[in-house]
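Read through the structure below, which is laid out as structure tokens, and then see the notes.
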Amino acid sequence: MTALALPARTRQPAWRQLLGFNVLTGIVLAIIGWLIGYWLGGRFVNIPSLQYYTVGTGPGQNDISVFLGYLLGVIGFLAGLGFFNYPIKRMLGHPPSLAEHESAGEGWIRYFTLCTEHKVVAMQYLVGIGVFFFIGGINAMLIRTELLQPNVHVFGANQYLTLVGMHGSMMMGMMTSGVLGPFANWVVPLMIGSRRMAFPRIESFTFWLLMAAGVVLMTTVFFGGFQTGWTGYEPLGDQGTAGFDAYIAFFTLVGISMCLLGLNVVVTIATMRAPGMTWSRLPIFVWACFATGVLMMLAAPMLAAALLLAALDRTVQTAFYIPGNGGSSYLWENLFWVFGHPEVYIVALPGFGIVLELAPVFCRKPLWGYRLAVAGMLGVGLFSFFVWQHHLFVSGMNADLRPFFMLSTELISLPTGFIFVCMMGTMWRGRINYAVPWLFCMAWAFNFLWGGISGVFLSDAPSDVTTHGSFFSMAHFHYTIMGGLIFAVFAAIYYWGPKMTGFKFNERLAKIHFWTLFVFFNTTFAPLFALGFLGMPRRVVTYPANLQGLNDWVSASAYCILGSMCVFLVNLIWSMVIKREPAEDNPWNSKSPEFQLPTPVPDYDYEKLPVFDDDPYPYGVEVAPAAATAGQGA
Amino acid sequence: MSSVNHWRRCATLCAVCAVVMTLITVFLIAPGMPPGNGSAQASGQVVDNTVLLGISAFVATVVVVYFLYAAFAFRERQPELALEGPRVRGDSRVQAWWLFITTGIVLFLAGYGTVRLLEDGSGGGQGPNPIAAPAGASHALQVQVIAQQWKFTYRWPSFGGVETPVLELPANTLIEFHVTSLDVIHSFWAYQLGVKADANPGFDNIAYVQTKSPLTFNIHCAELCGLWHGYMYENGYVVPKGQFTSWIRQEEVRYAPITKTLPPYSTSYFPSPQRRA
Amino acid sequence: MSHASRIAGVVIGVAVVCVLLALYIGIYLTAAPGAASAIQTPAGPHLYLATVPQAEPGDAHPTWVSYYAVSPTSTDWRHDTTYVLPANTVVTVTVYEYDTQTGLRNNFIGAVQGTVGGTIDLNGKPVSYIDPDTASHIFAIPQLGLNVPLEGPGSNAHNLCAQAPCSLSNAHETITFRFRTPGKGLYRWQCFVPCALGFINGVGGPMATVGYMDGYIKVV
Amino acid sequence: MEGAASAHRELEIEPEPSHWQPRATWAGVRGFTGGAAFFLVSFVFAYFYLKAQDPNSDWKIGKVQPGIGLGVAILVSLLVSAAALRIAVQRPESTVRSGGVALALAFLAAVLQVIQWTTLGFGPASGGYASVYVGWTIAYTVFVLGCCYWIETQVATAWRRGRDAAARAQVSDELVHEGLKACSFFWNFIVFNGLVLFVLLYALR
């Protein structure tokens, strides 16, 4: 029952490897499954005993067909990847086992299969999510293109709203796993000395399901897109074309993937720590993953349930979200935001973890206030379930509860503040090395500060009356998510990337990437606060002519962000393909266990299970207070 | 340089910058804060925004200055040597103070927000049974805002239930908006009046506003409502009372035949057919 | 892999991404229905429109209700929903209403607004409002305050037209109205009748898609 | 050089502690139960929310009463099935027989639910209650079918271990039993949900 020790298979020729259970087979079966499902859906409508359920299926649009198509398509995809082989074996009574395609002898093909090696899955995640991040980013650029002029349309109003929805869904759906997918899967087992995640097959499943979800979302363009944005408010969604089915299917798959990913991380951390790795010795990044995992595990199912109701409304004629037929538009708002607000912290928390994890390494000091940081993360996680109605301050729902939600929302800034004070304390009298990962962390602190400060205006019910639903709130969450999470992800990419991939990044290009991204990020999103205050609502295809100057500035600046991202891509391709330099084992003099392993890290991670006997940040020198500042010179 | 020195310098720098920034924001930036002086509620929001801005500026400046100070004072000139700082794992006094101060700020903000909110509702939608009604709310002029894809229409229960395509309001009057929708969720946002209330199908959402002097204000839909969401904007007008009275009488006469076909005034409407056609 | 083949791989990858992006923008994002202009007549520009319960058989959505641009004699059916009109001019619009009655969601929309004289010609008779239950469609330009209710033939009328193109021999009502165009710019028009068959509350689908019950007015 | 040397060295990889996987199974099923609880509680929320709001008095449109007989039959088969699986946990040697009974009854419950749907006499469009009824039972039945699969794997494993010594040697009894306990834990939770469903949708209505 170890995760290891599969004998390396003999190498087969490349073409032979294409046959079998891999992503190619998956795609073929996905298409077949889609066609079968679509056809079946057409048949269902004509079954008399189902007439109660299919009576409203209108001409020209059969949502049952579309959903069945997606369902069987995804099943086909997973079957092609081999996800059903093991469950079928289990049905036949074969004993549990964990390993699949783990051996390095299988070569590159294992990156395109169900592989249970945690570092392979992490790399799959990194690349897969990167692709969708790129697509989401391109959509953002197209949104800004449309907003260059107040009332001349580059794209149609339908397409514009679809762009907005695709951008939001892609970023909120796919990027939610942006840290737990690549970095937790890669780092957490190494940090806690476990060699693998608790459920390696589920680990792979979450990745492939997420990829299927991304593709499903993109197919919305074949069905007329969706006009609801990523929040999918009802009953607007109920009246949408079949493109909204793609949104539902997408977020349901994402929800399942998120839930299982979080579960896997939580269980791994809870039960598979090597000897000596007590809870109080867990690296702070592991704590962040733990808190995030709990939120994912519990919040994502709410989303899946809300979407199931929406799907039933659209297929079998239930009326959950249809007022006047027994439903309520508030039901969706409640269910969605009970998921949606933890979701926001699911996106933010891993960033906290990365920044605090890197702080000791680059400040050369132990983490300041470890317990406070842990309390901050768990506190944010706990509070995040009690704040959701601040999204609904002006909705008219439970207005008497506004003072409570105002209080709870403002209280959540306390644990967030812990993270800041821990970072600030760690920097104090440190010896700060401004390597690229740390630059991104510093930028994180700056951006997230503005994100948090602007959140005060949104959490205060009186001032929220003006800022709600305006560009102000849009700027706010871009400061916390893009300025927070994305900067932290880039810190992680530059920090762990060389270790994960085995090659060094070009540092000069990396610094250009950082400075351009930092500057243009702020020049893009800071004016959006002003636009919101000036009365520009979110998601509009047209706006008052007097706001054109600011909008053009924002668009130009957004293109510069694209340019900055291209610098990153060039750096990536340059360092990976053109001029490949092998990475050192420990470029940052980190004392974290993963950096004590050779690069590339062998498949078995640790030959012997590590034993931990110290806290995770054994940095710094014990010196008398007077001598502590010696060496700071001049 | 001693450690005491660092503390004192940083703290002084933070305090001075924070005070300066707070004064600048409160006295230079805050007067221009939205949504302006178009109504009592709007003015109230400006006050709120000023308070929040002042506190935000103070806190943000302290943190930013601290970061800048630490970033410069403690930078390592020879990172390749990997020299290490002091092994300090925390300071319970500092942590306690941080917790104390931030909690104080947060509780003040929540308390202040609650007081302001309950005073006059701040122009926000507060559902069918508002608790934050301003004084004299029972005599307020009722205006029903009916949102539909993609247009607002306005219904006047105190003027024979007439419906109008544009919104004119009398000056210096307390208005009670009843916001509802006929299809999907919209949001009625009268920017200069500081009013925002979601329009939910089948539900009544009440928002109060005390108008001041005559002005033209922008009305936007602030909740994504489908295709023409971006085009769902128009102007509304606050006009002198006499002008308002003559306007609404004129509308009553003009739309008399169509008013007869309207359903009786209600806080929400459920026309049939409800289901898919 | 050799250096050259790696670079070739990168170049091919970038090219594929660019092509996909171009297809996305070119085929999907910028797709828009065509434009139709008003006909110049001695009495000024005249726009002829028609509404049908179902678009043509070859359409992307053949079951959707739709507006069409037609000739004065209801021939030459073009599925265009961007109407080009001259600025600051009184324009005459004639709508041949082939679709049957649906009834309004908000009866107030049954009042005529924003036309010259505040009335429309319904089969030659000037009216300032219609019975909301007889409304088949609305031609509204909310930005201009224009709201024209279009009465449709009853569902028991003779020789109803089921699908575009229809001819004047089908049951229809003719609505003519005149309105003054504003200055140059882009405006949008829409329908307010919940006429989208098969969609919840009759809204959504064609009601929420440019090219069917929505479009632009391009004033030049 | 060092890399070359280690490549030739015989690797002796220390196996992970044998208690990890059973513990992970134990923790995993509890976490998953938490997630499933949040999923299913959404329906309870929808039930009370729609019932309480109901602005147009259409919680029920027309005669909306699912057959109580089938409802009781479903509940009884669920409860007996859960009990049978508990017995399998208590006495592992009876897994094949008790688990088989549990599986059959769980599947029977799903079949009865399908029959119930086709003979409801009202459609999902008949108001808020009808929507919740249809939506909740659909979601619930998906869980029941998933549990059927899970119970089946436990029964099949026990069956194969009973007749094949080689299969028995592959994994420890502890892990297999932990798997069975996990399955039973989750199935009990799902059956408890079935009880809640019965109370709200049949008993209270």
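For reference, chains read A, B, C and D in written order, and residue numbers begin at 1 within each chain.
The criterion applied here is as follows: contacts are C-beta pairs under 8 Å (C-beta built on N, C-alpha and C of every residue); 3 or more make two chains touch, one makes a residue touch a chain.
No experiment lies behind these values; they were computed from the predicted model shown.
Counting C-beta pairs in contact across A-B and across B-C shows that the higher total falls to A-B. The chain with its Cα centroid farthest from the Cα centroid of chain B is D. Spacing of chain A relative to chain B, judged by their CA centroids, is 30 angstrom. For the pair chain B and chain C, the distance between C-alpha centroids works out to 37 Å. Once the centre of each chain is set as its mean CA position, chain A and chain D turn out to be 29 Å apart. For this pair, chain A with chain C, the centres built from the Cα atoms lie 41 Å apart. Annotation for chain D: residues touching 2 or more other chains are 55-56, 125.
For chain C, the set of residues touching two or more other chains reads 188, 196-201, 203-204, 208-210, 214.
Those residues of chain A in touch with two or more other chains are numbered 56, 58, 157-158, 227, 235, 239, 317, 322-325, 328, 330. Checking each pair of chains for touch leaves A-B, A-C, A-D, B-C, B-D. Partner chain A is touched in their complex by these residues of chain C: 3, 6-7, 9-10, 21, 24-25, 28-32, 61-64, 185-186, 188, 196-201, 203-205, 208-210, 214. Only residues 55-56, 125 of chain D touch chain B when the two sit together in their complex. Partner chain A is touched in their complex by these residues of chain B: 1-3, 6, 33-35, 41, 44-45, 48-49, 52, 55-56, 59-60, 63-64, 66-67, 70-71, 73-77, 79, 82-91, 94-95, 98-99, 102-103, 106, 109-110, 113-114, 116-118, 122-132, 179, 183-185, 187, 189, 191, 194-198, 200-207, 218, 220-231, 233, 270, 274-277. Against chain D, the residues of chain A that register as touching in their complex are 1-5, 49-50, 52-53, 55-56, 87, 90-98, 194-196, 198-199, 259, 263, 266-268, 270-272, 297-302, 304-306, 308-309, 312-313, 316-320, 323-328, 330-331, 334-335, 598, 604, 606-609. For chain B in complex with chain D, the residues that touch the partner chain are 202-203, 268, 270, 275.
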